[in-house]
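Next come two complexes, and both contain chain A; in the first it sits with chain B, in the second with chain C.
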Partner chain A sequence: MKFPRPSAPTLLLLPAIVVLAAVVIVPLLLSFYSSFTPFRLTKPDTFFVFVGFRNYLTILSDWNFWVAFGRTVLLLTVALNLEMLLGLGLALLVERASRGQRVLRTLMMFPMMFSPILVGFQFKFMFNDNIGLVNNALQALGLTDTAIPWLIEGHLAFIAILTAEIWSSTSVFAILILAGLLAMPREPIEAARVDGCTPWQTFRYVVWPFVMPFAYIAMTIRSLDVARAYDIVKIMTDGGPAGRTELLWTLVARTAYSDARMGLANAMAYFSILLSILFTVYFFRKLAAARSQIGAEW
Partner chain B sequence: MDDNSSARFKKRLLKAGHLIALFLAMLFICMPGIWIVLSSLRPTVEIMAKPPVWIPQELSFDAYVSMFSGVGKGGIPVLEYFRNSLIISVTSTVIAIAIGMAGGYAFARYRFRGKSGMFLGLMLTRTVPGIALSLPLFFVYARLGIIDTHFGLILAYVALNIPFTIWLIDGFFRQVPKDLAEAAQIDGCTRWQAFWQVEFPLAGPGIASAGIFAFLTSWNEFALASQLTRSVNSKTLPVGLLDYTAEFTIDWRGMCALAVVMIVPALTLTFIVQKHLVGGLTSGAVKG
Partner chain C sequence: MATVTLNKLEKRYGATPVVHGIDLEIADREFICLVGPSGCGKSTTLRMIAGLEDISGGEIRIGGKVVNDLPPRSRNISMVFQSYALYPHMTVRENMGFSLKIAGRPQAEIDKAVAEAASILGLEQLLERRPSQLSGGQRQRVAMGRAIVRRPEVFLFDEPLSNLDAKLRSQVRTEIKKLHARMQTTMVYVTHDQVEAMTLSDRIVIMRDGHIEQVGTPDEVFKRPATHFVAGFIGSPPMNLFEATVADGGLAFPGGATLPLPARFRQNVTAGQKVVFGLRPDDVYPAGHGLHSGDAADLHSAEFQVAVTEPLGNETLVFASFDGREWVSRMLNPKPLRPGDKIAMSLDLSQAHLFDAATGRTLRN
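Then we have the complex of A and B:
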């Protein structure tokens, strides 16, 4: 019996597939199974009790879960859109600067070097109601007398988290969109101007379609690690006060490790995975579409 | 005449507006970092002062000295954490790059069935949130007895880094013209030789920056590390940062100092790779 010789790409991709299968896919299958059991870390036998969809039913009828789910989607939607807009603005500002481009570009990348957990910690420090930079500045400027409870009041805490998230990730958009702007040929812009386009029309119909694929690359990259928000939230509020900033991911961590209810947590985790995959596939398709629109080969 | 001067005035106003906007944006970007560095150098009394002290009165490196003088004096074993972080990040990066190079080359140079689907599939494994992945990994690792070891974390980080490394390296190999390797093969090189002597050196800088990117991901990772490490045996710096928080108090100055220790290597490395990084991510966006 002779096996057919595997082709070169198969061989080359094999190590990647093996590692990913061992570390990601097999554990995920395991967790998929355990989401159908009442598994608790403290009681190993419960791993073999099959309860069907009970965990999922528990989650689906749990109001707290839906609130966390809605809040996660809200955070992602608002954050991604604002990051996109701000990143575009920042890229346009830097592109127009006549001098000091290199320095500006380096400064622009500054937040990318911060570990999300550092971002969380540093904004926790700055939004501290007693000694934080934000309150100190507001009081020094005479805008307010009271200490604003940034991380203690639910809505304010959400805004604080949003600020941290946007600060840390806008530069991903800015740097990639800037790359697009710089790679753009000059002739179409000049042609548009000669034909009498207003600056807005030039931007909308000439520059933007060209920059779009770059924006989608940024979106895809961001959606690959949206769960980075876990680190930020974990440090800044840890889902508190009383669950008012609870995101899907902090909820999963709490259920799994503090309450030791692995089965239930796994069922929740599947929802969060689904969410991430949805985001990524959506942007990946957009990316492919935008690429083919400007005639790139894929 | 009047038209002329008003147009000139408008142009000047636009330029000033642009400069101000640019300055504000940069201030907003840099402020948090500057604040951290400043706070790490100030005595705790000054950080806590009410009303706030804006201009630092005295600067000292006390926080750094006590941090590196070991357990007991500064509180947390920073040196051990630093060593763990370094070992884990470097090893996982080297392995991820070796595997990613093979994969990236396959995507850049061969056509095969289901290529686009395969690429998306690889990316999707990266979308699994760290905290969701940590549950089954925790369970499997506990069974295998590799919780709180370097090996366990290295393995996890290799898997974490592979998809993105493949994406980047794929981009860099696409930038190297196919004809060069073909010419080398016509001149008598094997495909293996052509790869190492022609394509690899050309894509080299790009691959190096993919490596630095992978290093930074491991260096900064928190969600997985916080669950898969337990003690000084394998705790990394991001997890160690939490040591400064007690139940109700936080040692802000110590935390700021550790933050600076974490940022400095990241800063240096990112600075080196910034140019290549963007090139690798976007190649193929326009030119295919």
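Then we have the complex of A and C:
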């Protein structure tokens, strides 16, 4: 039997296709397929049992899943908004620095240089109710005389995680917005001052519309980041106490590896990806609108 | 409607002075141009009037009121920038109405003011466009419209035509002149282009290295330049300026040629004095091909050698050498000349200028 000779382009693309298939396409298809099976890591045979949408129905009717989903959206919303406000403030301050701006810019990026795992450990220590810096400081300042159970009470733990998340990632916003500020032409700002704007009005009507696309780029990047938040939470609370800080991906990981229910976990994962896609689409739309508004040529 | 007064106005960046205590009185409704080469401090002066730069010394009064410490928004001025400085995210209408909106004026008033400015500048069809959809000339007109809408006491222009091509530049120049006639407002206009300054202004301020060299009407600065620098800066093509030495009733040029010393300078020079002799291209011309405006006794003839000619239709610029240097001559009713031709040139010494070589100041009474 004789195979038809493949064309030169096909032949040249083949190595790339093989690599892609091995590392992306096949795992993607397999995991997607497994979300339709009751696959358990401990029982390999279950991989070949097809159950249709049962996993999806299970998670959609599972209250714990929806709580984790909602909490992830909440974390995303609060963290992104706070990070943007803080990042904007930082960027505006650094932009005004007349000397040492390079040093400040580098310093600003420090939190991004640490592994999230280490950030998690550091904040776990700081928020520790017995030996942590936070309680220590609060007590030393006489603001409280009790040991506040930061990582044990559900709401406080959420705040602690939020703090760690914001500390480590505000600089993403700061740097992108600073890039926008530095790229901004000076004359419209001066024109606004002559046109009668107070500094606040100048910011509101002239500077902000210009840096908005940069903020949306940061939003897009960070929404993907937070939607897959795992490491900081894993270290600080591991989803506890009693699931009070469980996020989508800690739940997925627990289901997949502790409970060994890989099929169900994959169904959760595919559903969660929807969330990320939704946010990305939303911010890209906003970005496109903001860009066309300022007549950006990039 | 307001006067603008600069009193010993100074600007220093650190220890480096940029504007050295200049004095200037701008009358109400006057169109005044600050002109000079780049780095002469003209834009800095304008920006100090606008309040965009701090003042290092002296004072600025607008309408008699000292405005040194007032922010730009409290000075009742409008400014048109070189790069237009339109707000990219606003339509033409919003750009023009922005200052009134900020001031909290009612919408009806804003609409009326914008419509009026748009009709003056012919922008009616463009009101809903954004700056990125406009050509350079249109953007410049929007920038002017934005300035008009405010009805300021003083208009400031910072090289508004520099980014336009030559044809558009002369067109917008005319529009600015019409605008001034119509608005009857004090206008201060910065440019490095002496043609713009000459065509637009009531008075021209020529600046150099942070000093004012001369203030005068276009006619004055052209006909009676106060310094060697002004003589060389105003006029196109520039004045022929050559160093010479005063020697027994004449001017001796380095190459050995001599010219008679015009009578009106005799009182002001001494023998052996180093001077700069200046003669405009209009006053050096192939015999019979120019306009003689003075006494025939002042017409001096000399032989020049043609280097190159630039025909312009109704006139031709002739670059020709005399005393080993190249002079420019404007030949009216041109006749053909070839490089290398030797021709008799008439030098109208009644129009000659003489400056002290050391101080650069004119030696005219």
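Here, the second predicted complex is superposed on the first by the 269 of 298 C-alpha atoms of A that agree within 3 Å, B and C clash if a C-alpha of one lies under 4 Å from a C-alpha of the other, contacts with A are read in each partner's own complex, and residues count from 1 in each chain.
In the analysis below, a contact is a pair of C-beta atoms (placed from the backbone, for glycine too) under 8 Å apart; a residue touches a chain by one contact, two chains touch by 3 or more.
As the structure is a prediction and not an experimental result, all values here were calculated from the model.
On the shared subunit chain A, the superposed partners chain B and chain C are arranged side by side without overlap.
Of the two partner chains placed by the overlay, only chain C lies in contact with A:191; chain B stays clear of it. Contacts of A:63 after superposition: neither chain B nor chain C is touched.
In the superposed pair of complexes, A:20 makes contact with chain B only, with no contact to chain C. Rounded in steps of 10, the angle chain B-chain A-chain C defined by Cα centres in the superposition reads 80°.
Once the two complexes are laid over each other on the shared chain, residue contacts for A:201 go to chain C alone; chain B is not touched. In the superposition on chain A, A:48 makes contact with neither chain B nor chain C. Of the two partner chains, chain C is the only one that A:209 touches; chain B does not reach it.
Of the two partners chain B and chain C, more chain A residues are in touch with B.
By the document's definition of touching, of the two partners only chain B reaches A:90; chain C does not.
Superposition on the common chain places the nearest Cα atoms of chain B and chain C 8 Å from each other.
Under the contact criterion defined above, the residues of chain A that touch both chain B in one complex and chain C in the other are 210, 294, 296-297. For chain C in complex with chain A, the touching residues are 50-52, 71-73, 77-79, 81-89, 98-99, 102-103, 130-133, 146, 150. Of all residues in chain B, those touching chain A in their complex are 18, 21-22, 25-26, 28-33, 35-36, 39, 47-52, 54, 98-100, 102-103, 105-107, 110, 112, 116, 118, 120, 122-133, 135-137, 139-140, 155-156, 158-159, 162-164, 166, 216, 219-223, 227, 238, 241, 252, 255-256, 259, 262-263, 266-267, 270-271, 274, 278-279, 281-282, 284-288.
Against chain B, in their complex, chain A makes its touches with residues 7-10, 12-13, 15-16, 19-20, 22-28, 30-31, 34, 41, 89-90, 93-94, 96-97, 104-119, 121-123, 125-126, 130-131, 133, 136, 139-140, 167, 171, 175-176, 179-180, 183, 210, 213-214, 217, 220-221, 223-227, 230-231, 234, 249, 252-253, 256-257, 262, 265-266, 269-270, 272-273, 276-277, 279-281, 284, 288, 291, 294, 296-298. Across the interface of their complex, chain C is touched by residues 185, 187-188, 190-198, 201, 205-206, 209-210, 293-297 of chain A.
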